[in-house]
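In the two complexes that follow, subunit A is the common piece, with subunit B as its partner first and subunit C second.
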Partner chain A sequence: MNKKAWIQDMKAIPFLLPFLLAYLIFTIFPIFKGLEMSLYDWNLVRKMEFVGLENYVEMVQDPNFWQTLWNTTLFVMLTTPTMVLLALGLSLLANLNTKLKTFFRGSFFIPSILSVAVISFLAIFMLQPYTGLVNTVLQSIGINAEPFWMADKGLAWVSIVVVTLWWSVGFNMILFLTSLQDIPDALYEASEIDGASRWKQFRYITLPQLIPIGRVVILLQILASYKVFAQILLITGGGPGGATRPLIQYIYEIGFTQNNLGYAATMSYALFFILLILSVIQLKNQRMEEK
Partner chain B sequence: MIKKTFLLLSFFVMVLMITACSGLDRLVSGNSADVPEGATEIVMWNLFAGGDAAYMQEIVDKYNNSQDTYFINNVQQEYEEYYTKLLTSLGAGKGPDIAVSHAHTLPELVNLDVVEKLDSLAEKVGIDWTEYNKNILESTMFDNQHYAIPIDTHPHIFYINNELVGEAGLLNDDGTLKMDKTPSGYRDFFNTLKNELPEGKFPFAFVTAGVDSFRHWWSYYSQLGGEHIVTEDLENPTYVLDTEKAIEAAEYMLKFWYEDKVIPLNLADFYSDFQSGKAATIATGVWSTGTWENTEDLEITAMPLPNIFGEKGAWGGSHTLVIPSYEETDPVKQKGALEFMNYAADEGAIWAKAGHIPAKDTVVESEAFQEMPYREDYAQTADYINFMDRTIYARAINDIMVRNLDLIWTKEVTPEEGFQLVETEVKDLIAD
Partner chain C sequence: MAAKTTSNSRRALDRNRDPFLKGKITIGIVVSILFIAPIIWMLFVSIKPDGFSTSTPIEWFLPPYTISNYITIIMDSLILRWLFNSFFVAFVTTILTLIITSLAAFAISQMKFRFKNFIFIFFLLGLMIPGEATIIPLYEIVKNMNLIDSYSGLILPMIASPLGVIILKSFFDNVPKEIIESAIIDGCSYFKLFYKIVLPLAKPAIAAIGIFTFIGSWNNFLWPYLSILSETLYTLPVGLPVFNSTYSQAYVLPMTANAIASIPVIIAFLLFEKQIVKGISFTGIKG
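Up next is the complex of A and B:
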């Protein structure tokens, strides 16, 4: 390395340092602290005794762990494909050269800036039986039913997935939109001269160009969905009877109501490894294809 | 373009200022109060909200004005995260001098060794334990030692809308209910209401799932003679739920929703249904009494939940005050803390305005309390409340019960299957 480049690098350090410090204290340190905790009997007040891998053994045998992990996985399986398709569709709509372009972009993105508490309470007001907007509309168009959107096991999942899509599709749409705008116009012009139809243009130009960002969206979506917690807690409370309780809610309950931080840390580590493995597979895949 | 940028920029500055201000505000309000000169500041954390919070502040203000040796700094904490915050703060040695605790959380605090025993201090302050209701006081004692000053008990009771129930012809001239206090009589009462109420009104405001259903079930289970879920061994309880009675109580409740249909399924806000005069009756905690009384055009009567299964029993909780323990104790603060705690129990008549039943029999017998409507009628409940089993697992067992009972109420499982699930999960929790 020559001297000049080295000095150049050194100059970056003061700029990186503040973030690095915060990162070390609030992210790196807790990662190792969590590992330590998972090996101890540890409550909210103090560290108790070293238990080795006991917490991990307990986790493997805990039906609630598997149940909530499955609930979270179900959520991932429901939201990831729908999110990608919806975000893609909306980005195409928002990319159309119409007078409504700004309106589309704005209205699709606005829910993303709302906090989870706001969107959850909006959802509750709209979905509640007898007086909620959704059921009132259904009844006004002649459907004589009173569906329990939050209390029925199947419908609760539908509600959570739809609310989550509505809330967070905006960000993914923006990712697709930026990629759409990066596609050189020349490609479309050339294909037009060759007589390609709109569908063929989409199929052979637009879609292939969107594959890299599509991968990013899928990865981000899987990671984010595995961490689902707040909107479920607020809308269904994990109910009915634990049917929609995600893993993080279970971790939270174990840690803070059952006063067992050691076991909570153990399950957090399990989730961490699941996400790590998924990320590695995804990145490996991507590299292979790029080669 | 420049205009747009400017607008955007000023918007961000505004947002920044608003968030910064509110953040600062929160920091300040938590810690600094105007402590009068010469007075010792005693910090109290409470978990109250709404009317409860206002009445507690009234008691604190009255105490602060009544003397100038101590100053109680009453800090209101968020209810949902209260115990998490309290426990972690105590672990870090940075908690308050007085803390509010529910009676069912005391076993955890005692077991974690984070609250002081009060006996020797109580002698110095001159607390007369015989003034307290025996049933309530017992829920705060461990190994014959006092760990807390109870300030109230708050059972689930029954409220009726006088107008609606009267119009249905179910009120006697003296204001009592025309109801046989038997399982079938209670159902008849609701079925009559269902037939007699005008269009758009319904007999009984109640939730389908959640903690209230569990508490309601617990009342019936107790009335059937059921006593416990687990034995009252602080750390090593065993599972003793009387499954037969548990199932009977659950099957009885299911009839309200599915057979008699006197409670609409999955009500979104059963409080507002009763408050707005849509429902003729409601079963909930005494803490709502103040709310109903302050509602215009709502005439109510409050009464104990009818004892229909033979034995007297009701779900109830209790708010208590504790002194957290630290490595370095401050005897002056502790003495002041306990003096205030006893004072708060003495001022139970103020606290009762919210609806709670004071923990001191002397207060319940006082004129100030007796003059308040309804309270006297339901105060008797304090003697037969079946408190939750006193173990360190109380909060966790509560969660397990609520979640599995919800499966029963939503007909995902039969009561038999539901209590099988409860048994497996509770036994796993307590390693029985």
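Up next is the complex of A and C:
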């Protein structure tokens, strides 16, 4: 009996091993390696000396850590509600009863297939003072304000949020659109017989039917926004004066510019736990949806 | 058939009932144009003569046109090389991901072995591990393997996708038991069963995972930004900003570089739009 089980195990090993190896080395091992690194003074070349919890103490007292964590949180708070509303609105447009709806869907989605390098570069040149497309269009319709989009803290945030929405709303729009198309026609027919107005249909049929997917979109968006880095680095570089610098950029700078991988690993751990908690919530929610 | 008729009649009814349909379509057109305007602008700027600049927006879209920027970029920059790197890395990442995830999913779905549940739950945990937050230790590990600044270093850390295993497992679970049992009675080996019978039945899932792995790798920024040092090994997302930053006021040449980077994906999108949209509703809801 035991021998037979052993033969079965041997048969399964070639199937499991390739994935298991890659998973252990590149997904699981970094968690433990990160813990070790956070307990050492560790630079880009080698491990230095054991410092215990010193890196953690430094983190708690580091105003830049709190500032960049706040910036990331602010980005989450700015993008999540706007993203959900915009995705919902666009999905309603892409679900209109018209031949143009595939064109609508394609237009809303196409920015998200572009590389972050391309969309950031487009943003920089479109928002450039004096010659950028946005300011010249503002000029031509009679607004002579000449805003410096990257130099002002508020405007820099507006730029980053608008670019992020434009770039990544397509994915969420498709999730809403799929749900819209899954709403049974019978619900609308029954309410039409009862003489419900279109607004009432939207309010009492469409919206409630979209709540489950809405919850998924919100959680996915929070999770994705906490990982923000590339478009901010490329558009504002974290400026002006660090006002838009996200946590991942700070971690990168500490590790690779200031040559302190130990402290960078420590702050990564903080991010790790924030994201871990959020994904546990997200997976719990999804489990609930599936039931 | 019956369902289709009712939905058509409802749509007909809608058209009569919605007094604002025309207005909504107009809003849709305006918003669509706003969404694609920057991309259209990029394409027009890329065919303007080098050094062109204007403060009258409409002039960006008017002749004269030229393709000489494309020739300059292709001959004098590394953009084509980076395009190749991005494509090569995305392609190999996708193939390896599909191979190792489908093998593992097959074992968990169809084979008997000890600790199976434990191993499956261990894989599920991976869904909760954010790669962005373990990238510093990952860098150290890849450095110790001497894979920093190499294609292998770009590809190998990205192939173990727990989500891929989970989606494929649920697909393999749905393969009818009779097919599997009769194949085993006929003396079919597990490996033959895997690639002759089970794998072909999971084509939709494989297509969806393949498309998403490819797009994910194509757009990956953080990892290549950290792990690649040589210009010749840059992928597009890392190389383009370096190239762009050498031009601070001139639009035309960097815009051409961006257009060259974007045209292949735009064509791919137009060709595969249906599959991509299907894939999103498929994998998006699962995580």
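Methods note: the second predicted complex is superposed on the first by the 256 of 291 C-alpha atoms of A that agree within 3 Å, B and C clash if a C-alpha of one lies under 4 Å from a C-alpha of the other, contacts with A are read in each partner's own complex, and residues count from 1 in each chain.
Note that a contact is a pair of C-beta atoms (placed from the backbone, for glycine too) under 8 Å apart; a residue touches a chain by one contact, two chains touch by 3 or more.
Quantities reported herein were computed from a predicted structural model and do not represent experimental measurements.
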Subunit B versus subunit C as contact partner of A:178, first or second or both or neither: second
A:240 touches, of subunit B and subunit C: first, second, both or neither? first
Which partner, subunit B or subunit C, touches more subunit A residues: C
Contacts of A:258 with subunit B and subunit C, given as first, second, both or neither: first
Which of subunit B and subunit C A:153 touches, first, second, both or neither: first
Partner chain in contact with A:285 - subunit B first, subunit C second, else both or neither: neither
Touching partner for A:43 - first (subunit B), second (subunit C), both, neither: first
Which of subunit B and subunit C A:26 touches, first, second, both or neither: second
First, second, both or neither for A:11, with subunit B first and subunit C second: second
Subunit B versus subunit C as contact partner of A:131, first or second or both or neither: both
Common interface residues of subunit A - those touching subunit B in one complex and subunit C in the other: 130-131, 256
Residue numbers on subunit A that touch subunit B, as the complex places them: 43-46, 62, 64, 124, 128-132, 148, 150-153, 237-243, 245, 253, 256-259
For the subunit B and subunit A complex, residues of the former touching the latter: 83-84, 87-88, 90-91, 108, 112, 114, 208-210, 264-269, 392-393, 395-396, 399, 403-404, 406-407, 410, 412-413, 425, 428-429
List of subunit A residues in touch with subunit C within their complex: 5, 8-9, 11-12, 14-16, 18-20, 22-23, 25-31, 33-34, 37, 90, 93-94, 96-98, 100-101, 103-111, 113-118, 120-122, 125-126, 130-131, 133, 136-137, 139-140, 166, 171, 174-175, 178, 185-186, 188-189, 192, 198, 213, 216, 220, 227, 229-230, 234, 248, 251-252, 255-256, 261, 264-265, 268-269, 271-272, 275-276, 279-280, 282-283, 286, 289
In the complex with subunit A, residue positions of subunit C that touch it: 3, 6-7, 10-11, 13-15, 17-18, 21, 24-25, 27-29, 31-33, 35-36, 38-39, 41-42, 53-57, 60, 99-101, 103-104, 106-108, 111-114, 119, 123, 126-141, 156-160, 162, 165, 190-191, 194, 215, 218-219, 221-222, 225-226, 236-241, 244, 249, 251, 254-255, 258, 261-262, 265-266, 268-270, 273, 276-277, 280-281, 284-287
